[in-house]
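Labels for the chains are A, B, C and D, by order of writing; each one numbers its residues from 1.
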Amino acid sequence: MREWVLSGDDLEGLIDSISAEWDLYAPQRKGRLFEFRRLRDFEDLCIEYPLTMIPPSSLFAPGSEVLYHFDPDRPAEIESVDPARPIALFGVHPCDLAGIAILDELHLSPPIDRCYANRRSGSFLVAVECAAPCVEESLCADKETYRARRTFDLLLIPSSGDRWFLRSGSEAGDDVARSCRFLRPATYEDRCRGDEESAARNARFKARFGLDAPTLSARVEASWDDLLWSAQSRLCLSCGACNAVCPTCHCYAVDDVLPVKRGESGERRRRRTGCQLADFAVVAGVENFRGEKAFRLRHRIFKKEVYLVERLGRSGCVGCGRCGHFCPAGIRLVEIFRQISGEEKVDA
Amino acid sequence: MKKLEVDVHHLTRVEGHGNIKIRVADGVIEELKLEIVESPRFFESMLVGRYVDEVPHITSRICGICAVGHTTAACRAAEKALGFDPPPEVGALRRLLLDAEFIQSHILHGCFLALPDFFGVPSVLALAETMPDVVKTALRLKRLGNTICETLVGRHVHPVSMAVGGFTRWPSRDDFLHVKTMIEEAADDLEETVRLFEAIETPSFDSPAERIALRSEGERYELLEGVVTSSAGDSVAEDRFDRIIRETTLPHSTARHAHTERGSFAVGALSRYAVNHDRLLPEAALAAERLGLSPDTTNPFHNNEAQVVEAVQCAGEAVRLCDELAAARPPGRFKAVARRAGRGTAAVEVPRGTLYHGYELDGAGRIVGANCVIPTGQNQANIERDLHRLVGVLLERGEGDDAVRLGCEMLVRAYDPCISCSTHFLEVEFVD
Amino acid sequence: MAGILKPKIGVFSFTGCEGCQLQVLNLENELLDLLERVEIVNFREALTGGTNDYAVALVEGSISTASDERELKEIRRNARLLIAIGACAHTTGLNGMRNGESAKLAWSRVYPDRAFDANVAEEVRPLCEVVDVDFTVPGCPIDRDELLRVLTVILAGGTPRPSTTPVCDECRRAGNECLLDDGRICFGALAPSGCRAVCTSYGESCAACRGHLPGAPVSELMALLEEKGIDREEIILRLGRFGSRERAVAALLEELFPGGRNAQEAAS
Amino acid sequence: MRELVRPAARIDVPVEGKIIGIRRLTAREKVFRIELPGGARLAHQPGQFVMVGLYGSGEAPISITSPPSPGESFELCVRAAGALTHRLHSMEEGDVVGIRGPFGRGFPVREMEGYDMLFVAGGLGLAPLRSLIRYVLERRDRFGSVTILYGARTPADRLFLDELAQWEGDRSIDFRQSIDVGEGDWTGRVGVITTLFRGMELKPARTMVAVCGPPVMYRFVLIELLARGFLESRIYLSFERRMCCGLGKCGRCQINGEFVCRSGPVYSYLHAGRLREAL
């Protein structure tokens, strides 16, 4: 692991050297929100952003994309989509990095998801560590996702005096760093100071519900028949916002777009959808296997805290806090987990 | 002995449902009327009790063809009632949107509805086979108008972000520059259209009319606001329009006939041109010259050419407005105007003429009275008068049923009547 | 192509603003491509002449007069497939705002100097309450792309599938902040998606012009908005703009105007 | 440059399946015989399904109703229920559809060998079970007794009438059927499927059970089976859920932690009984 010191003034230089090879996406303002967008002007970069509504992983697993092109009259005459131009994500928070790692595991395990692989392969990730939890709903302390551990090519760690530590996590990261003349290798003193600053920062991330991962999973598992699910989902609008903003939600539906003009090809498209939408588990337009909002809310939490734990060995929730922060009905994970942990009892 | 009956049931290629009925006996016109048969929709009844913020969204649905016009008139009238004066860039964006709607509507009318008559085909669909280039050019221009609205306010049919007080989403600088580029790229298509109409022979017909349009101080070929100005010399502030325009209801129409003290009058492209011709941009003035337009023309068929001139004018004006808006500081985040009691009337030029909306609000900002005077209703008396004259001329020439029918249809179409609007008259109930 | 019969399409219009017909013409770029595959034989807004020989009828507008009803039934007899286009045809759109009030009373207010036209129906109805409708393209106005999707599926011999997810899903994925968080009255959770959430993307709240999803969370939304301090009456009025034909909304309107809007007027 | 996707895998992109035979079973169901390009074998197990696709109408999972065979075609029994299946019903011989699969896990045919077989089929549930029934009948000597219980709503709803008659006439098979609503000249049994169990002598200790039918049927059949002492591990159920991919990715068919398209649609009750969303 190599580490350098980057002066704040040289951030633009770093971006320039990455942009030379990748289409660079970075957090920028969108009204009162933030979003990852192609960076055209360095001035638009908001590196100290709180939280984007749409997670950066959506650049690899977009809300809607073409799976393949087809000839409407010949079912098997299929053309793949053009390979995506490799992109770089600049300024990814550690929780979102964890989200990308989970999507990687889900999509790149056999059978490999072609479209995800197409976008993800050759991409470049620059993570940035946070100085404090983004929003009130953040659970990154409980989920231990406030530090970036892997998956990044480069990691920016804020440091005092308008400077950054830059750590490389891959060969591609090394190559980029090596091409930046303005980087200074970190000295022993730098590292000591960095560790001190890290410790001070870590103290700002305080657990909200205080259960370790296996305990949480077991408690969730035991909550199947609990009244909390109907109590918590009382005002749920089944709007699917929690799914749409979740960095690890990945369920989808498939639609076709037929060509208007004879002889042209059509598109088979994937549209991301969510388990909180009322129609998610409807079969043949008749039977709804999760017809109640309480069942749907329970499924979402079970999926993250039980089913994905069984499958991946870790929680599918990275604690970013988006689902609660952007829920119009105010349904918050932290309250659900607190009730599950026994801190708050639900009135029947 | 001339006996003739023309009954055009369901006038086609106009927006809305209308009939022409003519009965001639012994060479004398016994009956002649333009019927407007669209089902009444009772907007007035529906509006009463609604909050003022909803009004533009409701009145936009009076007519899908001039939805920007209705929305603009509703916003302006509501703002006057609320005593709110929007910042100048809001006015500039509204002008730009009117320009876009004019381009789209005039091209739709000129090339899709009127043109087939000149080539003796039933529709533009038939032209698509014989003159594909003409149709493609027209489609591109029509799409231009639509795309401008889509980019700036979400869509053309029932624009989304136009609101009382301004715009719920202000377009980005890139949006304005993008729109500007699109318009500039359409220059060749506009030139093609002018050339097309240059080549068409306008029926000669002489029927002088009083012409009314908005005109403002300054240099602008006005669409958004101003003084109601008549070619007969009258002028009056927009909220006093009823001082010169009176309305009566006729039994054969759900629209109302309007007249001045001198009789029927005309609004629309030709009237705007007559009132504001000195304010045309050079390229539009040149187009007018090439199309043989003259401000004191007495031929109502020239409305088709006036619309083409206005399409050129609006494109030029829109480019200028894009520059202005791209350079302007965007207004802050949209805030709804505080509700209060009041009364306001606004006039806006829409493709077919001057449109008036007026509202009266209670203390909670709810509608207690509404009024809307639409251009086709203002033109109807004049159309019937022109039909009278035209049928007389055709009878004198000894033309048969078919020629009379076609002549009448073409005349009515030249006025570009929007019958959808016409039946959606609201109560005129303003007592000063 | 000669030799291949193109399906014949008629476009018809009843009470409405004609905006949905205009959206058909607004297909612009795709219109000529479409005309290679279908023949439009009836389209009053664009075409002189007409015939009863058509397989597919696209019908806009509500049924608000006795003659509307007769004509619609004739169209139903002629067409193999009847497609309702737009909110007026689908749910009466905002024409339904006049229901709940006697037609005569509304008439006397708008045309005080003219006798009531007996052709005017007491109540405005959507097409499906008069004839069988095979498919609906919802919205005020219809979305051009959705219309194309529906037509291409029909031309391929398929049945178009209506959207079953709410506008909210499309809206969030478009990156919009939620207008409910701003204390705005927004019905995105009630209405089926397919409009690309164009209203909310342009800062205007969803009015549910596309109708309501089955089991739409009306009571949840009412509760949520009221908890935010929004006046119940204003919410109901807004729901009634496009939703007067939805059962849940009709019940709320009855709560607001017991006995219909006339009754209140008579009382005041 | 776009590459041509090689469809050999039949996993995420379809191959062309040609309809070479169509048989109407009832007012709602038809059987389609389908041939893969180049005479390829589907190579499926009883209980597995394929994704059938028509552009413009998407894809739907359809269970394979024919037994595995060395032949070069297979059969799908399709009820006209949604947009895609209605369109399928309007197709003719020679038309082509998209085929992906086979997917999922079918019945554990090897484990079943040596046991008595009890089949419980309700309505359209006979379609997937028929694959297994015919598999077993083709290898009659490897299995013990064969009992088939079939329930349908009305006599006219019954599928594969010719085969039902064959089974009825076959003395080596105990075939019983019942319908919910008596109709016309129906002289057989009327009542829900569980009434067929009355008076039957079954040997739970040496029997494997395969059940397929509408969701509500499972609950009552399971009560009956468990009460009679059948082992949870020897009761196999086939589940229907919504699917978009068949790859365990789209999340639509999930029952608790299981992706029906991968680990199902056939589960032993020992397993499915622990899935709280399954029944």
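We adopt the following convention: a contact is a pair of C-beta atoms (placed from the backbone, for glycine too) under 8 Å apart; a residue touches a chain by one contact, two chains touch by 3 or more.
Treat the numbers as computed from the prediction; the structure is a model and nothing was measured.
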What is the shortest path, in steps, from chain A to chain C when you may only step between chains that touch? 1
Geometric centre: closest chain by C-alpha means: C
In terms of mean CA position, the chain most removed from chain C is D
Looking only at C-beta pairs that count as contacts, which pair of chains has more of them, B-C or C-D? B-C
Which integer distance in Å separates the CA centroid of chain B from that of chain D? 64
Based only on mean CA positions, could you tell me how far chain B sits from chain C in angstrom? 25
Can you work out the whole-Å distance between the CA centroids of chain A and chain B? 51
Whole-Å distance, chain C centre to chain D centre, using C-alpha means? 42
Multi-chain contacts only, two chains or more: what residues does chain B have there? none
Please list all residues of chain A that touch 2 or more other chains. 72, 258, 282
Junction residues of chain D, two or more chains touched: 54-58, 82
All chain pairs satisfying the touch rule are A-C, A-D, B-C, C-D
Chain C residues within the chain B interface of the complex: 13-23, 25-26, 28-29, 31-32, 35, 40, 43-50, 64-65, 68, 93-95, 97-98, 101, 105-107, 109-114, 117, 119-120, 140-141, 198-199, 201-204, 207, 234, 237-238, 241
Counting only contacts in the complex, chain D reaches chain C at residues 54-58, 82-84, 86-87, 90
Residues of chain B that touch chain C when the two form their complex: 10, 12-17, 38-42, 44-46, 49-51, 54, 57-58, 61-65, 67, 108, 112-113, 116, 122-125, 128, 132, 135-136, 139-140, 142-143, 146, 153-158, 160-161, 163, 167-169, 249, 251, 254, 334, 420, 425-427
In their shared complex, chain A is touched by residues of chain D numbered 1-5, 7, 11-17, 37, 53-59, 81-82, 96-99, 215, 240-242, 244-245, 247, 249-252, 254-257, 276-277
Chain C residues touching chain A - in the complex, by the definition given at the top: 30, 33-34, 36-37, 148-149, 151-153, 155-156, 164-166, 168-169, 172-173, 175, 177-178, 180-181, 188-189, 213, 215, 217, 220-221, 223-224, 227
